[in-house]
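Shown next, in structure tokens, is the structure this report addresses.
Chain lettering (A, B, C and D) follows the sequence in which the chains are written, and residue indices restart at 1 in each chain.
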Amino acid sequence: MRFFSDNAAPVHPKVMAAIQAADVVDTAYDGDALSRGLDARFSSLFGREVKVLWVPSGTAANALALAALCPPYGGVICHRDSHVQNDECGAPEFYTHGAKLILGEGKGAKLSVEEVERVADAIANDVHRVQPHALTITNATEYGCVYTPGEVAALGQLAKSRGWGFHMDGARFANAVATLGCTAAELVEGVDVLSFGFVKNGAMSAEALVFFRSDLIEATERRRKRAGHLLSKGRYLAAQIHAMLEDDLWLDTARAANAHAQTLAEAAKGRLINPVEANELFLHMSPDEAAALRAQGFQFYDWAAGEIRLVTHWASVESEVEALARAIERL
Amino acid sequence: MRFFSDNAAPVHPKVMAAIQAADVVDTAYDGDALSRGLDARFSSLFGREVKVLWVPSGTAANALALAALCPPYGGVICHRDSHVQNDECGAPEFYTHGAKLILGEGKGAKLSVEEVERVADAIANDVHRVQPHALTITNATEYGCVYTPGEVAALGQLAKSRGWGFHMDGARFANAVATLGCTAAELVEGVDVLSFGFVKNGAMSAEALVFFRSDLIEATERRRKRAGHLLSKGRYLAAQIHAMLEDDLWLDTARAANAHAQTLAEAAKGRLINPVEANELFLHMSPDEAAALRAQGFQFYDWAAGEIRLVTHWASVESEVEALARAIERL
Amino acid sequence: MRFFSDNAAPVHPKVMAAIQAADVVDTAYDGDALSRGLDARFSSLFGREVKVLWVPSGTAANALALAALCPPYGGVICHRDSHVQNDECGAPEFYTHGAKLILGEGKGAKLSVEEVERVADAIANDVHRVQPHALTITNATEYGCVYTPGEVAALGQLAKSRGWGFHMDGARFANAVATLGCTAAELVEGVDVLSFGFVKNGAMSAEALVFFRSDLIEATERRRKRAGHLLSKGRYLAAQIHAMLEDDLWLDTARAANAHAQTLAEAAKGRLINPVEANELFLHMSPDEAAALRAQGFQFYDWAAGEIRLVTHWASVESEVEALARAIERL
Amino acid sequence: MRFFSDNAAPVHPKVMAAIQAADVVDTAYDGDALSRGLDARFSSLFGREVKVLWVPSGTAANALALAALCPPYGGVICHRDSHVQNDECGAPEFYTHGAKLILGEGKGAKLSVEEVERVADAIANDVHRVQPHALTITNATEYGCVYTPGEVAALGQLAKSRGWGFHMDGARFANAVATLGCTAAELVEGVDVLSFGFVKNGAMSAEALVFFRSDLIEATERRRKRAGHLLSKGRYLAAQIHAMLEDDLWLDTARAANAHAQTLAEAAKGRLINPVEANELFLHMSPDEAAALRAQGFQFYDWAAGEIRLVTHWASVESEVEALARAIERL
């Protein structure tokens, strides 16, 4: 009974079927019809013209996005607990050629307009200090919280007013949309580039890098190739993404994951460190309690001292989730 | 009737079956049993202890290998017509942080010991000139020729005597082994890192980066992560590689591709620019002749003026190959 | 009456004389006798064999040192208020090719063993997190405080026990040695590379990069050249350094600067934010008070809100220092 | 009697005087009046508004210029024998973050419009190949030849028509202007950035990076700082440049160097490998002949087999030059 990670989930059957349907002789790289069709598909989803590149990992998506938005001598404001800062082994620094991540704080791994202003205003505008060129947020956040459309738009406005690029790490964008009940389009106001994640949500190895600014696409195509991320059989990646978008499968799978998380959240009410707004839970839990759960077969990661993390996903088994909920209540 | 590229080939059914067999909840990244099993599998193949990382593209494999072997201020000797120089949009420069590719010449995209010595000896050993730190060759080469075990070993010895790392781009390593009738182990004497290609030979999105020197692995694991190539569902990549190695599938598919190329080579004897030792043919052909072939439904790339390239692969259809052979004879 | 910066100071007459004495036809780059003589000179100063490169700026010295000690995928622990983090526009990230600065805290811009351990131990040792590879401290610090020989040695021991490189930014190393009354050798126990500053202390454009580990020198010579810091007329830089070391001029000038700072410190006792252990003072001071001083002709920088910075140097004019001391007392 | 290098020359007395005149307390970095005055001074020289940054070396100037003109994923067309390719230990690759130098050929280290077109047109415009983004030439060239104003303008027009940046390495720009008898302005038509060299021509450690496009200046100021080239006592560099421009000292010194070269050229007429159009001579000379000259006290570098290089400079001693001329005639 694994509650380690949504990366542990298998591939959704419809995605697997799409991969097999793509299994014919076709044009290499991204010259195939499936890859070529992504722009139109996402333009339709977002209700405006966008450009889209597939990449095989979220880290690649994020790092390419930041490289598109920030020069080597610039900085990117992000949360201290963000994935780009903590979980990518320096991918942003690699792809941007040494830009600096400038860290802000905030409950639930969320940045507020005030905090971003505070961080930025503390940086003297001279040639000695690295200047911010971009802002990146994660939605849903690394702590399973969401930014509302209004919060995103406000940060987007701030970025625009300062002349910064604005990136959203949407590794769990689907979970955020599902929780908020808004449309995808409503949640990206002011965003320049979105890492639209699918791997944690049912796909095998395909994320979409969505550009709301067409001027960034050409350089990014070069950077993607140069990074070894222009896979030679791209149709198998594009097929995954199309399958995820077909009939809103991405929302169905996210809703399932979120619902599992709510089941656990209710059982763990008094222990929640952050509101549960996606598919991750962070709970206060003593080592003894954690050991007790593990003794019953539940697997999960410790987080900080006295804290654990639980992650649900589209393929979490309802009976296992229920069993865990009951076990937590019994502690 | 497509003779564009082996990247256009579909995925071998046994590989697809392996992907589906891997489709269960499992540990993320490369913590799963399939990923963990690659070291043993390749150690057995090569008859000595090796370390292996999967990566999703040959460009990533090559660039990571060169970054492991050459510092940012160093140079890598390669052939003027090599993939690393011409077809990776500067991936080696990106991953090495600006090392210089130092170009040599040679028929069939092959470097000889003499040529490599000539190139190296022309570089004054002072602080102003970029010094060679590594040598890379492609086997089979970009022009469909092979280095014999003896040729590889001689270059390896040269590299060792100069203190250079030695890398082999084996995007078509299988085709070379199949042509030479040697073992895989016999073809890597002196090689430090091998990019062992599978995607052109039946896989979907998995190449193996094989380290014959264990001291290079830890840094490369970091670099792979940092480059966004540590995919979160790595078991689907490892599964492809295991399937390709099972019962020597990799040799069967390479032999099939090579045999198709020989059928064409015989028909095009007088037109061959290079000996046909793998699955690529480069032919002298006038624009009119090329047009005539295309009018019959054969698709392929022009190369230089008056030259075309034909590529066969494991899934090339025998009747189409025969038809092309006859059409070439009729020209 | 300028108390802005020690960079504003002129060049010491003995340094200027040495520059003129070097003004003959000589070998280019660092092939001249003065450049060649630095190793011996510093080996004598430190009482053990060291290797020394001149560079024209402290930022270059620091960044080359960190590049020698930390790979692109690694991290460097430094103080949140350090020069490398705040005042070099990302030079460490540029020279290391994207290593991450990992920030610690501490009064007076000093890092303690405990703080460094706290920072390091919070980083999970997995492939997702950037791992520390080096530790850098500044002595005297950016806030005019000193690390004692014992504190340096303890940090050096920690670095060694963790397998990290250890760098000291000694832009004001002379001021620290002068304050502590120790020898230069006593203040570098465990240090791998020292940026030994001269420009703030009487020189024009020459700092010494001192390697206590000879294995780092060759790569750094390449990096220096590649960065454009191997000036073609290096003898004019080497001459400055020799002049600064001759008869301990570097200590004389540092003592003078420190004495001026003490004069001010005594006058400003109640206002000191940090102990004054070098040539910089940070004072609590209201905007009105600062304005009052400026109205009397004293020039200096505001620091944070309600704080000012005063810097003295070897050429500060005693009467001006006295005048400022009295003016502060009168506030 | 040294004919090794113009870098071996001492500093012109007027430059040394200017350095001493600048030796007062002043604003740090480039906030001083001398640094601030460079824009106006060069704008007057070139007859249009330019922006100018001092840097301490020609390698820094060139590398910063190329980084301003070419993205990391782009290429820079240059001559196979250019300084940026051969003598900077990869500085262009370091500063551009891995751009590729694309090599052309041409007598006297000169690129023609036809050659540049040939090189560029051989590069398929797809995502796999590094695309040219800039063109750089050296004037006078590394072989002591000059591009005429017409040749420069034609290359500039080509660059513009292709959308490339155009850089001139003017380490010996003065020698070219002096030879051609044109104005500085006439020799930079179409040039975006000029590395205007002074160190080989009488200065100590200051080159001017001249921007004919103001949009490139801000990023370059950041890059200069980040590279450690924003020296803290910049006034000593600016002073050198002002002194060189005062009363056309730069032309006087270049004319002197050129005249010495002409004296030697006449004596060596039958041996010249390239026309002598600046202050460098490349001569056919057997090892025995070279030894004979050396036995008479003349010092110089061997170039290729059977070739030597002689370099004159502003401070070459007329009697020594005459002696060498006679000695060559006597061979």
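As a convention for this text, a residue touches a chain if its C-beta (ideal position, glycine included) is under 8 Å from a C-beta of that chain, and two chains touch if they have at least 3 such contacts.
Since this is a predicted model, take the numbers as computed values, not measurements.
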Check your understanding: For chain A, which other chain has the most distant CA centre?
Key -> D
Review point. So which of A-C, B-D or A-B is the twin of C-D, meaning more than half of its contact pairs are the same residue numbers?
Key: A-B
Practice item. Return the distance between the CA-based centres of chain A and chain B, expressed in whole Å. Key: 34
Check your understanding: Which integer distance in Å separates the CA centroid of chain A from that of chain C?
Key -> 42
Exercise for review: Could you put a whole-Å number on the gap between the CA centroids of chain B and chain C?
Suggested key: 50
Check your understanding: Could you say which residues in chain C touch two or more other chains, in rising order?
Key -> 29, 72-73, 88-90, 94, 97, 127-128, 222, 225-226, 230
Review point. Where on chain B does chain D make contact in their complex?
Key: 72-73, 75, 86-90, 93-94, 96-101, 127-130
Study note, to complete from the structure: The residues of chain A that touch chain B in their complex are 2, 4-5, 7-11, 16, 19-20, 23-29, 55-61, 63, 88-91, 94, 199-200, 204-205, 222, 225-233, 236-237, 315
Revision key, fill the gap. Within the complex, chain D is touched by chain A residues 29, 71-73, 97, 127-128, 131, 219, 221-223, 225-226, 230
